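Before I ask anything, here is the structure I am working with.
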Amino acid sequence: MTDLSAVKRSLASQAIETPSWAYGNSGTRFKVFAQPGVPRSPEEKIADAATVHKYTGVAPTVALHIPWDRVDDYGALTRYAEDLGVRIGAINTNVFQDDDYKLGSVTNPDPGIRRKATDHLLDAIGVMDATGSRDLKLWFSDGINYPGQDDLRERQDRLAAALRETYDRLGDEQRILLEYKLFEPAFYATDIPDWGTSYAHCVELGPKATVCIDTGHHAPGTNIEFIVAFLLRQNRLGAFDFNSRFYADDDLMVGAADPFQLFRIMYEIVRADALDPSYGIAFMLDQCHNIEQKIPAVIRSVMNVQEATAKALLVDRDALATAQRAGDVLEANAVLMDAYNTDVRPLLAEVRADAGLDPDPVGAYRRSGYQRRIEEERAEGAQAGWGA
Amino acid sequence: MTDLSAVKRSLASQAIETPSWAYGNSGTRFKVFAQPGVPRSPEEKIADAATVHKYTGVAPTVALHIPWDRVDDYGALTRYAEDLGVRIGAINTNVFQDDDYKLGSVTNPDPGIRRKATDHLLDAIGVMDATGSRDLKLWFSDGINYPGQDDLRERQDRLAAALRETYDRLGDEQRILLEYKLFEPAFYATDIPDWGTSYAHCVELGPKATVCIDTGHHAPGTNIEFIVAFLLRQNRLGAFDFNSRFYADDDLMVGAADPFQLFRIMYEIVRADALDPSYGIAFMLDQCHNIEQKIPAVIRSVMNVQEATAKALLVDRDALATAQRAGDVLEANAVLMDAYNTDVRPLLAEVRADAGLDPDPVGAYRRSGYQRRIEEERAEGAQAGWGA
Amino acid sequence: MTDLSAVKRSLASQAIETPSWAYGNSGTRFKVFAQPGVPRSPEEKIADAATVHKYTGVAPTVALHIPWDRVDDYGALTRYAEDLGVRIGAINTNVFQDDDYKLGSVTNPDPGIRRKATDHLLDAIGVMDATGSRDLKLWFSDGINYPGQDDLRERQDRLAAALRETYDRLGDEQRILLEYKLFEPAFYATDIPDWGTSYAHCVELGPKATVCIDTGHHAPGTNIEFIVAFLLRQNRLGAFDFNSRFYADDDLMVGAADPFQLFRIMYEIVRADALDPSYGIAFMLDQCHNIEQKIPAVIRSVMNVQEATAKALLVDRDALATAQRAGDVLEANAVLMDAYNTDVRPLLAEVRADAGLDPDPVGAYRRSGYQRRIEEERAEGAQAGWGA
Amino acid sequence: MTDLSAVKRSLASQAIETPSWAYGNSGTRFKVFAQPGVPRSPEEKIADAATVHKYTGVAPTVALHIPWDRVDDYGALTRYAEDLGVRIGAINTNVFQDDDYKLGSVTNPDPGIRRKATDHLLDAIGVMDATGSRDLKLWFSDGINYPGQDDLRERQDRLAAALRETYDRLGDEQRILLEYKLFEPAFYATDIPDWGTSYAHCVELGPKATVCIDTGHHAPGTNIEFIVAFLLRQNRLGAFDFNSRFYADDDLMVGAADPFQLFRIMYEIVRADALDPSYGIAFMLDQCHNIEQKIPAVIRSVMNVQEATAKALLVDRDALATAQRAGDVLEANAVLMDAYNTDVRPLLAEVRADAGLDPDPVGAYRRSGYQRRIEEERAEGAQAGWGA
């Protein structure tokens, strides 16, 4: 039997981080479609993130991307966020948009470019110091497009050296979240293509290095919840970048492509008692709202994670364990599906009402007038996007 | 026994079309890295294409992209090309970079936008009239990102209507090449995802509509040479967009990722006696040289197609047929592999020498000083790219 | 607004066909694990199918596989089925288990073997005549394992000839369901790898040839509901072979791997008003219950299709069309997801109760004692499997 | 400049292991096609393996599969092999064909079955002791078919326990080769799905545990040579199971599907100076010759590995390093492709002639009369296959 009040407590204390860049313009290599109301500054991005938190109650932090969110005074930015009710989350480094990085950043064959890239990582730790951020999220676009273009193994040596230097600069309460990605923008080989590569580097670095799973970064057919379960067992799961995909790194709203997969992922989290923020996993969104309105899309994404979590919490774990140990394949599957097939929207409406929130976050946002206001106030000036 | 002189004649008369946009800047959604010497105008792109033809002898036409290559006087552009020794090839339409096209072009739910998009297609036929181009190449980025976003079937009706109107505008010697693509930039469903969809529309349209196979537009595991063989049998193969890919639509140099696959594709062409330009298939490149120098990359790509073709021509078809009919699996495979394992570079060097060309096209280009000259002459001004 | 009583009527009249072979033993190339109670004859398979119908009310027909279900007197078999409350559904041909078929059946390079295979197809129409079956389901394992092994195009010619001869033998009320499959057991090229190939052959054959979609037979990333929508538009969708897969043709219980995909497929059916049996689509299961108990697995599968159908019927199509036409991406997606997120199990329990059935079919089966009885009664003798 | 005599020495001392089961019957779940002349005993399999070595000169060891190759006197079997000129290679364990293993072997929820499976692994070490074999190759079919069927994490605990017990039983000169596989026969989750899982277990076990890469066991798009390079860097690459695939674990002849990939893999081996048998990597074949004659298929496979190796040895590593360090993408790729495009068959013919072998191993085998002899001598009795 599931304890519903415990489920509601878990849901009430859940924390999902939204990324500053989700509020800016994004697109594909074919076209970036601009949207009205898009932020023009880090502050406006944070204001949008705070709005998402206001209506969902479970998005208390916002991730920054350096240099996209570079400011002169990070202390002021931090206070600005806090005044709006949110905190600064992970600091993301960007070592892929400078002309120097055409052939790589920390794995570039040119030692001068490697130095520049590594310095950027060290600078980002400075931003963490200034903002109180715990997490340095490292995603490298590094890789090669053609067989022979560079030496696969030497690039690992270069990567290891940069990671070591960065790791050694971390403060006691800081840590690295090391992301992997199968392909894009490098098309033949990326330098951290899979969780195994990230994991091996993390183990070599030390306990403050953990793996970040971006749900869109795998080969077709990869069982992501297995990776979740395995990394939890090894105590090396640090974070998620949530999004969803049908083909490649589509960066659609999490839960939009395969809600059952999201449920299975969250079940492994629940099963390991790793949902509570105190466990230390950062549950982040990393999405591109290319054609849909951004703030309600982020709200909807947060709700999708909540719904998957609620279903995972509703799994009757005693019944499941009994069926599993008995080797009753159909019954074990049925116990899991019972939870998945439950409509948890009424339960989440209650959780929101208990927290003094509108039970319908998207509706509340639409009724609030915020969207109209930002479209008016932000009509002038350069909109934020991936390049700024 | 293979008739070597016939092989050399076939190779000497081969024709590969290069695209104007391959000479401009390109990149990924993460970054476009500019390169020195990149063209600033359609004329400069044509000059680069003519240079590729100069050193390879088998790239006599250049495809244009409208509006990227829009000019006031297409007659003058055509004469400019001819003066440089090349002709205008396919006209490519671009209905994906206007803000109106965020939710689609000819399949957009808004009839006004559909009208605008279809008019663009009709205009492109006007460009064909002015340039003497035979082929209208249609690739639509149309599709949807989320289940439910639009009605899959109504979008087919809209697509069919736009294609019909366009088809009916074609002159007697003009035709449609209808491209398909599994995904990108639409991430849940594209309106022409596979060859079957393109084929069914072509059959409905009439004999002047044929399928264009882009070698990078398939799901993992798709057997492309089967599609080639099947469309040849149905008399509906109109063109190739050649490139290579490891994962998605990587648009790398053709032959760089899987040269054996390229050989198998060219074998089906040879086996159907469809290599000669008189057969009517347009063998085009469609690539992005994001990090490598563009002109030598195009030359190398043309050579890769030549090498695959030469190997395909060397297949001992009598021996192959004998082994196939006998059900001798190993021997039939061995006959094919014998041709593939042959080093055809000396043969192609001879073909080039016979045509009065340098046997080493890349080396000849490098020694020519062309690259240094364009880097100097094109230092100022706005470089061409996908957006211009 | 959805009309609930209409939804219930649709659900009550739904028909799902189960296959005789699902009740026999099956496995992988590594091992077939036998199960107690498995049928030893076509009659016992039909009895099991009738049991599934007894508890679900929506599985009134059973598909046969020839020669696995060969009997001397098909009239008697048909009456046997009718006495148990079910009818004979599609006749499946098996031209892959005779030693002659090592290199193919109707596409074999040996004309004698092609003759034998085609004769088997013609014989199967005789079984249809005797059983009153409407549908001849054709799946060919034909293909090649190695490049060069056989001629891709000649195999199409052979295939077309065999299909033509078979088609011409069909009675007025009979039809061909032509299945496609990407790979397995042929590993390099299959002769009908995708829906496009099947569709093109069907169009050439005539109106009595339609495509059968096996949901496990696609390349990774294929959008199956697009194919459903497209074939419905072309009036060429004849049947489904339902099952689910994570990787290849896993043949797991339908709805077990991606219930959201199943819902999207059923939505296209509902949207085209093609659910009712009178429309003519055969909704069949084609699954392997390798490790789970077979009869309850089939019941569970039937229920999964029912649940996906119920959700599809609950989609508010007016609201969806309004949002789609307005280009409101988030709202259109939300309308679809509202239906998907609904717990339809209470609704289906009502539908069953209205039909005089136990609202819990799996539970009712378990309580019935049928399983224990067949395990006792079928303890001796040779169990049915793929080979018999 | 490449030193040709060094290349020839490397090729002459190369060692490729063939598996006893490649000589027996194999097939798919649809059908096993028997072939004339197939061995009926471990001794006859070894005789066939010795024949492959006789004509290639580079296949000096044969892997056994327990219990398929179970004999009473392993010492006698070892001497029998030595008399024929070959040695016993890796011992493969089979814990997937007993009815007990339906839900897993070492990860089964039933502790009694886990005990039985682990005992089988320990017994296999006894076979190693008796045969002088160095390598215990562990592939587990363990996994689950349905979400919820069993607990992903507990299965890892069970796996770790069995591996630990097995590892601790190893002699000083013995080691574990731990294989991974994405799917099949388990269809939802396998217990060692990828190299990362295998690697993590090996690191926990100790230095005598290394990863075995089966080239057919990856998700689509996986860059296998990256894994090779990475594991070499971590000093954890123990073995290859070579075969080739277009889609899943097709187990076709190595080099038949993507010879360029095989070359890239062998280049990473050569680049790490890991080709020589003294380095310790076991280069094994693991293939199914379902439709082609088995012994010449194995010979052809050995030759394919030789050809890929020869090309890898011919890479001008100085020129490659120079181009890589200069960031010359096209030149670096061209250096690699120069080696790949070389026809190495004459070079290998020389290597064979130098070793006193026929330069054409397949032809020599065909002329030898061995095939006719085994077809006559082995006409009676039960042929060996996967089940015996």
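A few notes on this one:
As written, the chains take the letters A, B, C and D, and residue 1 is the first residue of each chain.
Simple rule for what comes next: contacts are C-beta pairs under 8 Å (C-beta built on N, C-alpha and C of every residue); 3 or more make two chains touch, one makes a residue touch a chain.
Each chain and its UniProt protein: A, B, C, D = L-rhamnose isomerase.
None of the values given here were measured: they were computed from a predicted structure.
Between A-C and A-D, more contacting C-beta pairs join the chains of A-D.
Annotation: the C-D interface is duplicated by A-B among the options A-B, B-C or B-D, judged by over half of the residue-numbered contact pairs being identical. We define each chain's centre as the mean of its Cα atoms; on that basis chain A (L-rhamnose isomerase) and chain B (L-rhamnose isomerase) are separated by 38 Å.
Work out the mean CA point of chain A (L-rhamnose isomerase) and of chain D (L-rhamnose isomerase), and you get 39 Å between them. The multi-chain contact residues of chain A (L-rhamnose isomerase), meaning those touching 2 or more other chains, are 103, 145-147, 182-183, 188, 220-221, 223, 246-247, 256, 260, 291-292, 329, 333-334. Chain C (L-rhamnose isomerase) makes touch with chain B (L-rhamnose isomerase) in their complex at residues 103, 109-110, 145-153, 156-157, 182-183, 188-189, 193-197, 199-200, 203, 218-223, 225-226, 229-230, 232-234, 260, 264, 268, 271-272, 320-321, 324-327, 329, 332-337.
Those residues of chain D (L-rhamnose isomerase) whose C-beta lies close enough to touch chain B (L-rhamnose isomerase) in the complex are 220-221, 223, 246-247, 256, 258-260, 291-293, 296-297, 300, 307, 329-330, 333-334, 340-343, 345, 362. Contacts from chain B (L-rhamnose isomerase) toward chain A (L-rhamnose isomerase) in the complex involve residues 26-31, 33-34, 96-97, 99, 101-103, 141, 145-147, 182-185, 187-188, 220, 245-248, 250, 252-253, 256-257, 290-292, 386.
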